[in-house]
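In the two complexes below, subunit A is the common chain; its partner is subunit B in one and subunit C in the other.
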Partner chain A sequence: MTSSNDQIKSTSIRSYQLPLTKVKSIIKLDNNTRMISQDSVYVLTLATEEFIRMLTRDAHNSMKQCASKRLDRLHIFSSINTNPLYEFLDGSFD
Partner chain B sequence: MSDEIDDLSFPNAVITRLMNEALDGSTTTISKEARTAMSRAALTFILYISTTANQYATNAKRKTVTVQDIFKALQTNQFDMLIEPLQQALKDYQEQIRKKTKKQQNQSESTVENNDEDDNNELEAE
Partner chain C sequence: MIDSSNNSGNEDDDKCVPRAAVYKMIKDCTQHIRVSGEAKEFFVQCCNEFIHTLALQANTVCEQQTKRLVHPDHIVTALNNMGFGSYKTKCLNAMETAQEEIAQKRRKLHGKPTSIYTDDELRQKQELLFQQAREEAQQLEDDDWARTQELSKEALRKKLEATRTDDDNYDD
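What follows is the complex of A and B.
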């Protein structure tokens, strides 16, 4: 299984996948954040891509535990409830 | 606020592709609801890290959030494992930009030189 290191390394050569402009728009939802460097947007974009992979891997493990072949949002929620790393996501899906 | 958030969902194809990268060639299918939930999770992550980073910038009396603020925010929020590979990716990214800018500069410089040569030739033809 590829590690975070490998994923991000190969991504840097390929370039990012999430649109930078959309990431920036999300950052701007917070009125307190006025200006942000382009490098920061880039780094946060890559970080988000890896975050998605991480949460997917964890959700995949939850899915395997209930012997399913279809990744559903319940598996994602299960990972969020189990791993303290994802505590900040509590309440985002209401 | 929720209208804004809905408008800011990511392209389905990209979310699906990223999720499939993590599923590593298995035959797992991803439900639409899972994809939507993941898109929302990503959005929350971005806001979470960026607002933390902005607090660091503000504390340091700076108006612009820098990559150092982002790295600090990742560390504070237990995402240390991402920092090193991100730093390397950033170096490569900055190098790519530098090379691109240099190439563009060289191209415009050589265009100027070519124009000068043409002028000389025209004079000779006369």
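What follows is the complex of A and C.
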């Protein structure tokens, strides 16, 4: 069976930065998850990267609002509490 | 695709997106801004959480459609459900591009063997190799013929020697 994972990895347009195998093993941690296609792992990885960029931008904005010189955890917290999109992150951390 | 999830508790660190990759992405977005170590760590945790949540959502969508395999469409639906529908275009475009590349490579692989030379150049090279082979074969033949000649001459000479010895030796 061809490894489509290897094929995706070898595409010259390196359009993703998170390793697919790592993302897949994180997905597999949940015992309830059923089998997932490689294409799905790829799309999920891309979505995660987009999420990081989005959260970084929001945290950055928070930082600018506080006129801070350094991006801190607080700024990320602030974004999480402000934007309803990040609600799923609530309560996941101390 | 067999589920081989590890339940060992202290492997949590391993089941985490690589920090370096996350830092790089953050750096690309923030460039000259300093980011605290705690913030970086927090980004990593958020990242993991996102993967878990999205995977779970996609799994639910998949179940609802009574499918056994999670498909990219399920991921997209899950993104919509979570409110991240804006990611859809970018993700799907990138996937299409990747699939096109893979298809192209496959076509090349199953087609003619790739070569840096054109067909004509390859033909010329082949002809050259044939020519060389012909010359070498000719040379071998010539050498062989020459050796045979030598051996015959030698044999003849010895024969003459043999007949002469009987008559001439007494002269010395």
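Assume the second predicted complex is superposed on the first by the 82 of 94 C-alpha atoms of A that agree within 3 Å, B and C clash if a C-alpha of one lies under 4 Å from a C-alpha of the other, contacts with A are read in each partner's own complex, and residues count from 1 in each chain.
Just so it is clear, a contact is a pair of C-beta atoms (placed from the backbone, for glycine too) under 8 Å apart; a residue touches a chain by one contact, two chains touch by 3 or more.
Keep in mind that this is a model prediction, so the values were computed, not measured.
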Which superposed partner A:Pro19 touches (first subunit B, second subunit C, both, neither): both
A:Ala59 touches, of subunit B and subunit C: first, second, both or neither? both
First (subunit B), second (subunit C), both or neither touched by A:Ser40: both
Touched partner set for A:Asn31, first subunit B, second subunit C, both or neither: second
Overlap of subunit C and subunit B interfaces on subunit A (superposed complexes): 4, 7-8, 11-13, 17-19, 22-23, 25-27, 29-30, 32-37, 39-40, 42-44, 46-53, 55-57, 59-60, 63, 69-73, 75-76, 80, 84-85, 88-89, 92-93
Residues on subunit A engaged by subunit B in the complex (per definition of touch): 1-2, 4-5, 7-9, 11-13, 17-19, 22-23, 25-27, 29-30, 32-37, 39-40, 42-44, 46-57, 59-60, 63, 69-73, 75-77, 80, 84-85, 88-89, 92-93
Touch list for subunit C against partner subunit A, complex: 1, 3-6, 14-18, 21-22, 24-26, 28-30, 33-36, 38-39, 42-43, 45-56, 58-59, 62-63, 68-72, 74-76, 79, 82-84, 87, 90-92, 94-95, 97-99, 101-102, 105
Residue ranges of subunit A touching subunit C (in the complex, touch as defined): 4, 7-8, 10-13, 15-19, 22-23, 25-37, 39-40, 42-44, 46-53, 55-57, 59-60, 63, 69-73, 75-76, 80, 84-85, 88-89, 92-93
Complex contact set, residues of subunit B against subunit A: 1, 4-5, 8, 10-11, 14-15, 17-19, 21-24, 26-31, 33-34, 36-38, 40-51, 53-54, 58, 63-67, 69-71, 74, 77-79, 81-82, 84-86, 88-90, 92-94
